[in-house]
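In the two assemblies presented below, chain A is common to both, partnered first by chain B and then by chain C.
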Partner chain A sequence: MARALINIPAKAAKGQIIEIKTLVSHPMETGFRPDNQGKLIPRDIINRFECEIDGERIFAADLYPAMSANPFLTFTLLAERSGEVTFRWKDDRGEITEEKRKLVVE
Partner chain B sequence: MIRTALIAFTTTVAVTAIAQIAPGERRSGAEFMSPSTQAMQKDDTSNPGMLAALEGETLWNAPAGNEGKSCASCHGPADKSMKGVAARYPAIHQSTSMPVDLQGRINLCRSDNQKASPLRFESRELLALTTYVALQSRGMPVSPPDDARLDPFRNQGETLWRQRFGQLNFSCAQCHDDNWGKRLGSAPIPQAHPNGYPIYRLEWQGMGSLQRRLRNCMAGVRAEPFGFGSDEFIALELYLMSRAAGMPMETPGVRP
Partner chain C sequence: MNGLFGIPTRREFLALGAGAAAALAASPSNATPEAMEKAIREYTGGISPMPGRVKIDIPVLLESGSAVPTTVTCESPMTAADHVKEIAIFNERNPLPNVAIFHFSSKSGRAFAATRIRLGDSQKVVAIARMSDGSLYTDAIEVVVTLPACSEDFG
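Let's look at the complex of A and B:
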């Protein structure tokens, strides 16, 4: 089960640029490593990250096997209006980790 | 020339064999890391050890075993009851009069009070619970208990610390007391303080206990590592904690 840590200010001034930091728990198995029987462990990585505010996409990223375990992503947002920020990570097995945070812009 | 150097080296070792790091010179392993790894440890959003702590918090509140009790059923909120606990382990377990470390104590609590099966060493669950409990002591000084019953085990630990091991025939003390601050290949030699465990090690891409780290060092000098939970490791942990007494706890540490 993936888990996530998100650092986003609860309040921001209109026009302010805020930094959002995310850390998600995931093994990011590359698909190139053999197990102790010599068989390749199937690839299982987070391949897509999306961030939306009230359904409007503000940031997205495609991830590849060179990413470390527990990928850390940070990006900025120009605060224009209040809303619910959704963070979504999708992995190779189709498992989706979703987290929501409220952002108040004054 | 080489022979002279070797003799000089052996003499130095013999003279400094009992030397210990002066309290003012003690430095946490974090201080030997690059600024970027230090920053990773300091920021709770970028420190992957916090993911283990988060999982540990869930486990703390989840009922387990035949008694259907969670850790919280007896101990309540961990931020009160577990404050400072990790800073004083290993300690004597009252019913056996033997020392146990924090992981061992968690497993004893599971088998005695929760009637649950003990968690496997280095399992995700045991590391998560240990990290969560140790996090409650972050910033507090390492305070080994003043308990005379621990002395023989601490002394055993110190003997092991100074004991040469493996094909390379090195003791822990030769690197971490006598040559800390220098480099072994490209890696700085730290002083081997146990105040950040369990750690998230970038090389492992995951969490690991102090015992895993000790096994790592033993394999490095080509020695047969002690088993997880062995008396030798508990003794070494006891000695390392007394050696680091007063240093602030920093669990979860991040190490390269």
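Let's look at the complex of A and C:
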């Protein structure tokens, strides 16, 4: 399980646009890099990120090997109502890292 | 030539003449401007995007290409009826022309995404925004990378 860091305010005013920052630990192996023996190291990257509030899509990203290691993503959310924000990263091996945060809108 | 993607290491590169450098630019293992054109054509379905509205921000002179701060934004009211659906980023000279596709919704509030990307060489980076009505907008930036990603072991 990759380790994820998420920076999201716990509270927001209704109608406010909040900024969410996420960072997940992952080597993002491109598949183009040779090892010491000159053989290519197989590709292993996070290819998809999704963010939802109570199951409703806010933001998603399709990622390619040109993303840096430990992919960092900043995006925004329009605070309309309180809910649970889910963050999901999926890598080439099908491994899924999921994190949840509560957001209170008042 | 023991650098990655058949690109020589920096030291070898500096020892080469300009003619050799030009030959390298056409190296088939790299995404070329043509490969980027093709990837963009596939993404746009052959429609040429209009300049404007979307904006890509990258520092124009970079010491290292392995974690390049990149921001894309697009002007839009971001309502359910009129919003930015996607912003895609493409590059000219990495092994693959695709970088990322960001998907937005009216819940996003703004069409904004910031991330860190890898650049294997000095090159042009292109952003294309797809609106909810299907129209396409584009922006491009030329960046200079002094130490490309992939030339170091940490890639």
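Basically, the second predicted complex is superposed on the first by the 105 of 106 C-alpha atoms of A that agree within 3 Å, B and C clash if a C-alpha of one lies under 4 Å from a C-alpha of the other, contacts with A are read in each partner's own complex, and residues count from 1 in each chain.
In this section, a contact is a pair of C-beta atoms (placed from the backbone, for glycine too) under 8 Å apart; a residue touches a chain by one contact, two chains touch by 3 or more.
Not measured: the values here are computed from a predicted model.
Trainee: I'd like to know which partner A:Glu84 touches here: chain B for first, chain C for second, both or neither.
Mentor: After superposition on chain A, A:Glu84 lies in contact with neither partner.
Trainee: Which partner does A:Phe32 contact after superposing on A: first (chain B), second (chain C), both, neither?
Mentor: It touches chain C, and chain B stays clear.
Trainee: In the overlaid three-chain picture, which partner chain does A:Ala69 touch, first (chain B) or second (chain C), both, or neither?
Mentor: After superposing on A, A:Ala69 lies in contact with both chain B and chain C.
Trainee: Looking at the overlay, does A:Arg3 come into contact with chain B only (first), chain C only (second), both, or neither?
Mentor: In the superposed model, A:Arg3 contacts chain B only, not chain C.
Trainee: Based on the superposed arrangement, let me know which partner A:Glu95 touches: chain B (first), chain C (second), both, or neither?
Mentor: So A:Glu95 meets neither chain B nor chain C here.
Trainee: Given the touch rule stated above, what does A:Asp54 touch, chain B (first), chain C (second), both, or neither?
Mentor: neither
Trainee: Comparing chain C with chain B, which touches more residues belonging to chain A?
Mentor: Residues of chain A touched, chain B against chain C: more for C.
Trainee: For chain A, which residues belong to both interfaces, chain B and chain C?
Mentor: 68-69, 72
Trainee: Can you check the complex and tell me which residues of chain B touch chain A?
Mentor: Per the stated touch rule, the residues are 43-48, 50-51, 54-55, 202, 205-206.
Trainee: Spell out the residues on chain A that touch chain B in their complex, using ranges where they run on.
Mentor: 3, 5-7, 21-23, 25, 27-28, 68-70, 72
Trainee: Considering only the defined contacts, which chain A positions touch chain C in the complex?
Mentor: 17-18, 29-30, 32-34, 53, 56-69, 71-80
Trainee: So in the complex, the part of chain C that touches chain A is made up of which residues?
Mentor: 4-5, 66-68, 78, 91, 94-96, 98-110, 112-119, 149-150, 154-155
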